[in-house]
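Note that the chains are named A, B, C, D and E in the order they appear, and that numbering of residues resets to 1 at the start of each chain.
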C-alpha cells in the first residue's frame, strides 16, 4: 500500500506546484548548522485525536500544508524533522530549527500552527538554545584538539537523541580551571565514540529552564548508550541537576517520509 | 494575505466605533510602570481547540471583543500583550497588567474571560507582584548608583522574558549586610548589560508561590543569555530555590498585531 | 448591563420563593467561626467549558440552584464564597465551610455537585482542617497576650488568602520549649499587622497532606505581603517543608455577588 | 425526593432479580479481613462528565450493573465501598477489595469497568498490599501485647482514611533492633487511640510505589487527627520518605447507599 | 457469554484468513529473549473513551487489526502482551517487544497506532533498554555462579512486574570493586527466590530517563514482595535515585486472551 500513497502524494504536490526543487542554498544550511551565534529550537508535537478520524484524502491535503509551510520558511532557516511516534512517549513529531533570529523561528511555528495541518498539532515541548564557540577546547592539549577534529563516519544515522541539561549551582560556583579539568575528562571519554556518535551543543541558560541542550545522531544506539554510561561515571556528572527529563528520541526523516507515514 | 486581513480588521473596528484614539493619558501609564506600590500581574492563556475551528469572520468578530475589553479598562491600568505561541510551550498569549489595586486587575480578567473572545481562553498561569522602592541600592557606593542610572538603548525590544524566583530559607535567615553584599555583586554583574537588557522587579511573597517576578526586555537575546549565565556564577545564585519553572518568553505586540496573528 | 442582570436575578429568585431572609441564626455562624473543635473545609472549583456555552437565561436558572443548595444547608454550617477567577489560576470559585461534623460538609458538597449548577463544577482542590485552642499562647508573657487581644479594623476586607503549610520532620522532633520560643517570635512579628490582616488557623495533620491551613483576610494586600516577608525571615520558617503550593487568593463575595458575576 | 428514589431502586432490583440475599458466607469475609496472606486492593474512581448528563432512569439502570458485578464476585472476595465525593478531591468512589489471589481482584475490576456503569468510571488510583503477621509485636513486653488486644468500640465508624507510606533507604539499613525500638514507641503512642480509631496494615513493597498502606476507620476524626499528630512527633517519623500523597478520606457506605447517592 | 465471544472471534479470524499457524520460528524468539545486544521496549497504552462506546461487533473487527499487526511483525521480533487493567492505574495494556534494531520496534508501534484498533490507544509510557552480558557475574565466586544457573520452576507465571531504576551519581562514582561487592550481596539475596521469581535486566542509560529496566514474572506475588523487601535492606538500595515511579504490574496474556477481554 505504501508505494501507492507515495504516488498519490507526488501527484498531489505536482498538481499544487509544490514540487519545486529545494530553492534554499545548501551553503546557508551548512552555515546555520555549523556557525556560532545561531538559535536552535526543538519543538515537539502530538497529533490530536481528530487527525486519525480524517479520511486519507483529507489527511493528504492537510499534509501538503506541512510541506508548504516548511518550504516557505526554508530560505531563512534550516528545518529538520523527526518521527518520534513509536520511539518516544513525549511526542509524535519533532522539528529542529536553526535560525539567526528567534523571531524568524517563531514566525515559522506560528504559520505551522495556523495551517490546516497545524490545527491538528498539540505542542508538547519547546526548547531554545544558542550555538557558541567552544568554551574549554582552546585550553585543551594539542593532541586532544587534533583528536577532536576527527569526524563522524559518513552514512545514514537513523536515530537522534536530545538531552536537556541543567548544571547545579555548585558547578557554576567552581572556578574556571576546575570546570575546565572536568570538561577535559568529559571530552576524553567522549573521544571513543567520535566516529559513530555525532554531537552538537546548544547553550540555553535564560532561554528555557535549562543550561544546555545536547543533541546526538547515530546509527549505533548501543555505542550511544555506552557513551552516556561513560559520562555517568566521571566527576562532572555529579554536578548535573537535570539530565534529560525528558530524553527525546526520534528518527530523522525528510518531509516526504513524514508525510508518507502520517498519510496512512 | 496578511495586508488584506489588516484592512478587514480596520474596517470592522471603525464600523463598531472601536477605532477611537487611545483615550488613557500616557502619563498615567508612565506612572503605573515606574512607581512603587503598583501591582503587576502576569496572566498567560492558551487558545482552546474550538478557536481554530471558527471561520475567519467569526474570529475577527470575537477578536474585536478583546480590543473592546482592553480599551474599556485602559483608563485605570496599563495593559501589555505578548505573543507566546512559537516561543513558549506554556501559553499562546500573555497579559502584563499594572494597577494600583489588584481588584481592578481581577475585574479586567473576569471581563476578558466573560467576553466572546475570552470564552476561547484557558488560563495557564497567573502571578502577582508588587513594585517597591529598591531595598539595597541606597547602601551602594556612589559610582554604582551613578552607573545604575544609565538607561537601556532606545529602539524596539522584540523579546520579553519573565523569570519567577523563590529564594531559599537560608537566604532569608542571612543578616541584611550579607544579603546586601551579594546583591551588590549581582548588580555589578548586571551593569554590563544595562544598555541592551531592560529589567523590572516585582515582589511576590505571599501573593503567589514565589518571592520575586523578574521581567526583561531585549533586542539582543544573546546578551540576555550572557546576563543570566553571569548571574548563575555569583554567590547569590546558590540561594535560589526556584529560578524559572517556567521561564516565560514572548514577543511584545500591540493589540492590533495580536489580532492580526490570531485572525489568520 | 450589570444592573439589568441584577434585576433579572432578583425577579427570578422571588418567583421561585428563594428570596427568603437568611434564616440561620447569626449567633450560630459566630460560634462556628470562633470556637474550637469545628471542621473548616476549603473546596475550590473551576467551571467547565460547557458553562460558557449556555445562554444567560439558562445560566441564571442554574445559578438559582447554587443559591438553593447553600440556603438549604446554612442552618447547620457556615458557608463563605470567594471569587478566585482573575486572582488565581487554581480555581474560579472557593467555598469555605465550617461545620461541627465533616459528614455534614460532605452532604453539602455532594448536594452542590449533584445540582444543575454543580454539574458544571470541576473540583480542583479540597482541604480540611480542625480549629483548636491555641497551643503556645498560654505560655506567652502577659503583655504579648494582651497585645494579641487587639482585633482587626472594622470595614470590608476584599482579599482572602489561603496558605497550606507542612512542617518538617525536624520541627516535630524539637522539644516543646524550642517550638514555643519560635512560635513566640512568629507571634511578635505578626503583631505589627494585627490591625490590617485578620488570621485564622486550622490544624490538618491526617486530614490532608498538610499540617496547617492558614487563612487571611485584608484590605491592604501590601501589608499582607510585608507580613509574609517578615515570617520568611524568622527561624521557624526554616522548618517549613511546604508553604503554599498553592497559595490561594480570592475575593470574598456574597452568593448574590457570585451569581451576578457568573450570570454574565 | 430521596425516599422515592430508594423505592424506585428497590423496585428495579426486584424486577431484575437482583434482590437476592447476600449469598457469601460472613465467616469468609471475616477471614479475608483478619488473616495474613490476603491481598488488599484500594481502587479509586471518578465519574466521567457523561454520567451527570444521563437522566435518572438511565442512571438507575446502570447502577444496577454496579450491584450486579459486586454481587457476582462477593463469594470469592470481600468488597467494601466508600463515598469520596465531598471529602476528597482525588476520587468520587473507592473500592477496598480483599482476596486470596490478586488475579481474582483483577477479574472483578475488569468486569466492573466493562459493565455499563463502569464505562463511566475513570480510574484515579490503584494500590495493592498484602496482609502479614505482625513483624515487631512478638518482641514487645507482655503488658504492651495485652494492651494491644483491646479492640475498637462497637458502633458505626463513618470515616475511613487511607495513608500510603514509603520508608527511607536509611530506615531499611537500620538493624532490626533499632527498628523494633522505634516501632514499639510507635505502638505505645497509638495505644491511646485504640478504642476510637481502628487500624489495619498492608505491606506493599514491590506491588506499588509504596512500602505500606495504612487504613483507618473512626467516628471521631479529631482523635484520628491527634493520633497522626502524635506519630509525627516520634523518631520513626523521620524515616518516612512518603506519608500520604495522597491521604484518601471517604465515608464507608453499603452498595445501596452509594446507589442512592449516585442516582440523584 | 464468554465462550460465545470466543467462537465469534475465531470465526471472524478464520474468515479473514488470520488463523494461520504462528509462522515465526520459535528458535528466533528464544534467541531474542536470551541473547545480549537485543533492544527491549515496554510500551503501555490506555484505551480511549470512544472504545467503550463501540458495539461489540465493531470492537471485534478492530481487535482483528491488533492480531493482524502483531502477526505481521512477529517474524522480526518477539512481542508479548500484558493486561494491566485491574492491576495498574497506569495503563490497560502493555507490549513488551524484543528486536535487534529499535527502528523495527518503531515500525511495529507506528503500524499498531495507525491501525483501526490503534486509533483507540493512548500511549501512557514507552521505555527502551538493551540486553547485555552480565557485568559483575564473571567476578563472582564459583559457588554463586553455579547457584545462579538454577532456573525458575516450570509452569504458568500469571504476574509480570516492571520496575524502572535510576542509580545515583554517587553510585556511578564508586570504583568498580565496591560496586561489584554490593552487586554480589544483591545477587546472594536474590538467590532465595530464583525458583519462583523469573528476572530479566535491560540497560537503559541514554535511551530513557533511567539506568535499568528490571522485569519479573512470578506465580507467587508474596515471594516477589519478599524479594523486593530483601533488596530494600541491602547497601546497594541506598544508591537508587529512582525505584519504580511507576512500578508496572500486569498479567501476561496471549493475543487471543486480550482480544477476548477487550471484546466484552
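Methods note: a residue touches a chain if its C-beta (ideal position, glycine included) is under 8 Å from a C-beta of that chain, and two chains touch if they have at least 3 such contacts.
What you are looking at is a predicted structure, and each value in this text was computed from that prediction instead of being measured.
Peer 1: Going by the contact rule set out at the top, which chains touch both chain A and chain E?
Peer 2: none
Peer 1: How many degrees of rotation bring the Cα atoms of chain C onto the matching Cα atoms of chain E, given to the nearest 5?
Peer 2: Between chain C and chain E, the superposition angle is 145 degrees.
Peer 1: List the centre-to-centre spacing of chain B and chain D in whole Å, with centres computed as mean CA coordinates.
Peer 2: Comparing mean C-alpha positions, chain D is 48 Å from chain B.
Peer 1: Residues of chain A that touch two or more other chains: which are they?
Peer 2: Answer for chain A, listing residues that touch two or more other chains: there are none.
Peer 1: Quick check: in the complex, which residue numbers of chain E touch chain A?
Peer 2: 37, 39, 43, 48, 102-103, 105-110, 113-114, 119, 123-126, 128, 130, 169-170, 172-173, 203-209, 211
Peer 1: Considering the complex alone, what residue numbers of chain C touch chain B?
Peer 2: My answer: residues 49, 52-53, 83, 85-89, 158-159, 161, 163, 221-222, 224-225, 227-229, 232-233, 235, 237-238, 240, 244-247, 249, 251, 261, 264.
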